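Both of the next two complexes hold subunit A, though its partner changes from subunit B to subunit C.
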Partner chain A sequence: MSEKLKRFTSNNKQLLIMLGVIAVVFIILSLTVPNFSTARNLTNLLQQIAPIAVMACGATYVLVIGGMDISNPAVMAASAVVGVYYMTTGGGNLVLGTILIVLTGTFLGLINGFAIAKLKMVPMVVTLSMMTIGTGLATILSGTRGLPILPASFSNVLNKTVVIIILLVVMIVMDFILTGTKFGRKLYYIGNNARTARISGIDSENITMFTYAISGMCAGIAGVINTASIATARANMGPQSQILDIISAAVIGGVSPNGGSGRVRDAVLGAVLIVGLNNVMNLLAVSDYYTTLIKGGIIIGAMGLASYRQQQAAKRGV
Partner chain B sequence: MKKVLAMILALVMIFALVACGQQSAPSGGSNQSTSQAGSAGSPKQDIAAPAAPAADEQTTELKHIKMGLAMQSLQAAAFHAWADYLQYRLDYEAEQRGYEVELIVTNANDDVTKQANDIRDLIAAGCEVIFCPCLDSQAILKSVEEVHDAGIIYVSYCREVSHDATGKQVPDLTVNFASEEQAYVGMMDLWEIMKADDVEPVKLIDCYGDKTDENAHNREHGLRRAMEDAGYADLPVVEVECGHWEPDVCGQNLAPVLAANPDANCMYSSSDFLNSGIQKAMEDAGMWHKRGEEGHVYFSASDMYPLGIQHLREGYMDTAVDQGCYNFAVHAAAGAFDLLEGKEVEQVQLVLGTQSTNDNIEEILATIPLWGNDYADY
Partner chain C sequence: MDNKLSLELKHISKTFPGVKALNDVSFSAQPGKVCGIVGVNGAGKSTLMNILGGIHQPDEGGEIFINGEKVVIADPKASTELGVAFIQQEVQAFDTMNVYENILAADLNKWRKKHSLALDRAAMKKEAQVHLDALDSHIDVDAPVYTLTVGDKQIIQIARALSQGGRILLFDEPTSSLSDHEVAMLFGVVRRLKEQGYIIFYISHFLDEIFELCDNVVILRDGQLVDQAEISDINKEQLVEMMLGYQIEGNTHSREHAQDEVIFKAEHISGEKLPRDFSFELHKGEILGVWGLLGSGRSELFNTILGIDKMMDGKLFFKQDGELKEITQKDFYKHIGYLTEGRHYDGLFLNMPICQNITSSDLDQFAAKGTGILNPAKEHVESRKLIEQVGVKTPDENVKVSKLSGGNQQKVIVAKWFLKDPEILFMDEPTKGVDVGAKNEIKELIFDKAEKGTSFVVISSELEEIMSLCDRIIVIYEGRLVGEVQKADFSKESLMKGIVSQEDKDAE
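Moving on, here comes the complex of A and B:
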């Protein structure tokens, strides 16, 4: 029994740390911040976490293979605008429009992947370019007056509960694929040493391309969630600064920025901390300037911790 | 060791949260605007401050009330003025009526989704009134509905929601610029000045602030109405898109327009917040001249930001109508408390700011406390 517990603790160290931190923070905030532990606020919080957490799931895959995708917020906005454009201007079906949002995200991610894996372009440059393409596309399709509001049925169906379920499903499925399938293990191999992985017969080109497509798909799902939140889509629904929240959620969750390690579920918990911070600051009436300062401090602290852990692991030869 | 470090990090975060929460507790308001109480910076639309205090501070227990202000951004001086003046006037009204008010201010940083989330946080925080200058007049409609579903009062502050709003999407109170009148009055003054200088308008450049903002649309209507009323309905107009009130975008888009239209001799800008971009483009095109100099482009703009006031004083700008920021706060604070107390209020209250020209700006500055002067350091 104690051997089993030891193994579980050793295998899930990051998860336990994250849960511990969240539990401590939650208890203290429940006792000190008025209205924090109300059902309304907690469901609000989960709804706000969902888009960032879903994009952090995609970012985790990309980081695990040693890549980088900074186009997520722009791809999210572009996909949402394409879908809402179809649903409103084109008089399209709401279900098909929702699928279109996810497909658009996947397609834009696939373009990223193609450029990086097949054309051997630098990930940062490719995804930076995609960021401007996504913003441009969203701005053009939004038109000068913005897209109309969707019928109430769209947001009614994709309500808080459904959004939370989507987040849980995405997290569970993506975590299982990453840790419990051959495909997932190949991602870790590529992230640890791309050359060795290639020599071992892993089709790293196609896997890399597919990984960026998954990241785009996650941005598309986040686009659906955000569209439900405001009942329309706008080019400015995914500010570029949001990428910091996404990447830091993953890194705080223990995903290595250098590739080869990390889990989706821990990245989601990282998103809980990052997004939860905004919510708590609002409840505490803390000025936005302090919020950004504290957020930046926590991110640097977490990055430093991640770097320290990596150095220690390298020393031990893990 | 790692666990200890993680715990320290969490504790630092918690202490920071709690400490900052205490630091930012309302403290009687920012007093940037103290000098304006009673005169409100707009002689035309000024409303007198309420008379003698009603509550006996020694014996009456103050009723604590929480309100929220979901700012769309804090990037411009005027936005700070909106927030600061509102805090000041809420404190003032609260004192008169026996309340103690706590105002929570959030900042969406120009992110339309974050503004919706901020409003949800304010609902969860237990606010009884939410003020909001919406970032997007259509995307805000769902938030207005959510606020009403929670039984909370929604005040559309310094921005209007879309005219498509129906039922629960309609704000309980809208306090906004008389933005159409701002443009109209400013342009009518401009035509007068051109007439006085014996200059006939040849072509007008129109810097359109933001195509998703009702205030920009209203100002466009005001401009067109002024053209019609002055008999210039057929005057050629070249439109310049300025993104979402972005001076650099405005300047970038204006540059080629100036190159293609060197004969343009008059200009309207939805806001002189855009003036830094406009000045750069006009300087580059060799068209930035003071009134009285050869090649002067007659220029009217709304808002009277600090740079706008400077350009008006120097003669680069000829007419302007300010925002009347303080009066927004006066109307919004009084209206919010009236609604809370079950009184009826006029649902849409439009505030016209001070009308100024290059000829009378010095006199105005000497007699009227304009918001642009309060925030000249921004």
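Moving on, here comes the complex of A and C:
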């Protein structure tokens, strides 16, 4: 029994640490910050976490293969605007419109993947370009006056509870695919050593392409969630700085920026921490200027700690 | 050079969690002598080097004396300051920079002009030239390093060590990527350094080199010093026995390779540069050797056939359903395994457990059809079986591959391809950087598998090895097929014949 427990702790170290940190922070905040532990604030918090967390799931896949996708927030906004444009100005069906949002994200991600895997372009350059393309597309379609408001039924169906369920489903499914299936294992192989993966007969090209498409799909799903919460779509709903929240959620969750390791569920917990931080500073009425400063400091500190722990582990293991 | 240069190690032990890597090792080295260090993988050579390099600290009670003074080598910087310098197996160089910049790269601050950020390049060139002259080398200090041969880069590494004040020089497998000619040149340099009174350690798996170059030899086994012997007092068999702790039995396999069935045929294979119009046939259960000098296009031949490099021209035929049919490279890859030359470069997933390394060659065996859901329990069982079959020394299959010694890592790659159990296994230097014991074991594994019907195509630059392993050898020179020798006619002369005649032709 104790042997089993030991195995479980060593396999799920990151999860336990994250849960511990979140629990401690939660308790401190409930005791010290007024209004923090109210049901209203907590559901609000979960709703804010959801889009970042969903995109962090996609970012985890990309980081695991040793890649980088900074186009996520822009792709999210572009997909949402395309879908809402179809549903309002185009007079389209709400269900089809929702699907269109996810498909647009997937398609833009696929373009990223094609350029990176087949044309052998540098991920940073490709996704940086996609970031401006996405923002451009969203700005053009939403026009100067912005898109009209969606019928109330849209936000009623995709209410807070549904959003949280979407997040949980995305997390569980993606975590399982990554750790329990052939496809997921291949991502780890590629991130660990792409050359060895190729020699081992793994079709790195197509898998890399799909990975970026999945990242785009996650941006699409996040687009649906964000659309539901503001009942329309705007070009500025995915500020470019949001990519920092997404990537650092994954990295704080233990996903290696060098590729080859990490789990989706831990990245989601990372998103809980990062977005929670925003929320707390909001409640404490910290000025926006200081918020970015403090957040940057905490992210660097947390990543530094993670990196230090890795080095120590490597040293001990020699 | 001052006369009092000396190095003495006393009672050096090093304990890692669960392993005693070194156990009470004491020896000394004198200037003007080359001291070989030998031992199978895991004997403690690397740990010893890491202690001298300041990467690891010896356990309490171990003492190091340099020039008679007790020293503590706290970190790599301290090691350099004490005059210890390493010449590594993999050449470390800044390829796009010039020779002199490479030689003096370690301490550029020293070469700054006064009150300026600019470098005094004239003085640097002069200094670099001094060190190259000391090595009797004719390398141009202005040449960009990427234009040099591997052997010349090795010389630059030595010059760099000297420029940093290195007086205790440790050569770690320096010849593993050098051609015969370059090895001879390197030996010349080492002998010159020896005459100048440096302390030289020479680590190598190639025992012939130890006998040719060294004056005495330190033999390690399981972390213990077996002996420090004068090289003139022992012979090769004795040395191997001391390294292994037992005698190697002669080759027990007297294979009669009698299968005539052609399983694979390559026709007119041409790559972008090498190979050129290369054709050969492979029989079922045959071990076919590909022999050629360094740079002859051996590895390129494999890479081109298997689609790692671009194939410009040529056709592959593979026996399926009893018939030799043309096959695409992509489909062919499903039937083969490829053990590459660079274990760390493209052979292993270093940060992943042994188990997942082994199963990477054929995940389909462990995945449910349709869903692709893996069965980890089955993975563990199958990889444990293979670990036992090929003899990887490890506590269990969950150990990261990076923690294993070179020989065991190589066996993991062998296990990985045995898991897939392909019809043809391509092996590029299957025993490179592997000790004598593991070498023999890998050879036995290849024999066993061939007897069961797997065909092998093997590259090896060690003549002895390729002749003892293969049923037939084809000779490659400048990317072209220049000879084929049957087992009965194996000899250095018969293999060289094709190359020599080709060189004559070129000369005309």
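The definition used in the following text is that the second predicted complex is superposed on the first by the 312 of 318 C-alpha atoms of A that agree within 3 Å, B and C clash if a C-alpha of one lies under 4 Å from a C-alpha of the other, contacts with A are read in each partner's own complex, and residues count from 1 in each chain.
Methods note: a contact is a pair of C-beta atoms (placed from the backbone, for glycine too) under 8 Å apart; a residue touches a chain by one contact, two chains touch by 3 or more.
Model, not experiment: these values are computed from the prediction.
Student: Would you mind checking whether subunit B and subunit C clash or fit side by side on subunit A after the superposition?
Tutor: fit
Student: After lining up the shared chain so the two structures overlap, which partner does A:Gly20 touch, if you call subunit B first and subunit C second: first, second, both or neither?
Tutor: The first partner, subunit B, only.
Student: Check whether A:Ile294 is in contact with subunit B, with subunit C, with both or with neither, and answer first, second, both or neither.
Tutor: Touch status of A:Ile294: first partner only.
Student: Using the superposition on chain A described above, determine whether A:Met171 touches subunit B (first), subunit C (second), both, or neither.
Tutor: After superposing on A, A:Met171 lies clear of both subunit B and subunit C.
Student: Just to be sure I read the superposition right, which of the two partners does A:Ala213 touch: subunit B = first, subunit C = second, or both, or neither?
Tutor: neither
Student: Which partner, subunit B or subunit C, touches the larger number of subunit A residues?
Tutor: B
Student: Where does A:Asn193 make contact in the superposed view: on subunit B (first), on subunit C (second), on both, or on neither?
Tutor: It touches subunit C, and subunit B stays clear.
Student: Under the stated touch criterion, which partner chain does A:Lys182 make contact with: subunit B (first), subunit C (second), both, or neither?
Tutor: Second partner only, subunit C.
Student: In the overlay, answer first, second, both or neither for which of subunit B and subunit C A:Thr38 touches.
Tutor: The answer is first: A:Thr38 touches subunit B but not subunit C.
Student: Output check: A:Met281 vs subunit B and subunit C. Expected answer is one of first, second, both, neither. What do you get?
Tutor: Touch partner of A:Met281: subunit B, not subunit C.
Student: Using the superposed model, give me the angle at subunit A's CA centre between the CA centres of subunit B and subunit C, as a multiple of 10 °.
Tutor: About 130 degrees between subunit B and subunit C, seen from subunit A.
Student: Quick check: superposed on A, how many Å separate the nearest Cα atoms of subunit B and subunit C?
Tutor: Scanning every C-alpha pair, the shortest subunit B to subunit C distance is 17 Å.
Student: Mind sorting out which residues of subunit A both subunit B and subunit C touch, each in its own complex?
Tutor: Common to the two interfaces on subunit A: nothing.
Student: With touch defined as at the start, can you tell me which subunit B residues reach subunit A in the complex?
Tutor: Per the stated touch rule, the residues are 2-3, 5-7, 9-14, 16-18, 20-21, 23-26, 74, 102-107, 109-114, 116-118, 120-126, 135-136, 138-139, 141-143, 164, 211-212, 241, 244.
Student: For the complex, which residues does subunit A have touching subunit C?
Tutor: 180-183, 185-186, 188-189, 192-193, 195-202, 260-261, 316-318
Student: Flag every residue of subunit C that touches subunit A in the complex, lowest number first.
Tutor: So the residues of subunit C in touch with subunit A come to 16-17, 56, 308, 333-334, 338, 340, 345-352, 356, 360-364, 366-367, 371-374, 400, 403, 416.
Student: Along subunit A, where are the residues that touch subunit B in the complex?
Tutor: Per the touch definition, subunit A meets subunit B at residues 13, 17, 20-21, 24-25, 28-29, 32-35, 38, 40-41, 44, 47-48, 51, 144-146, 148-149, 155, 226, 229-232, 234, 236-239, 241-242, 277-288, 290, 294, 297-298, 301-302, 305, 308-309, 312.
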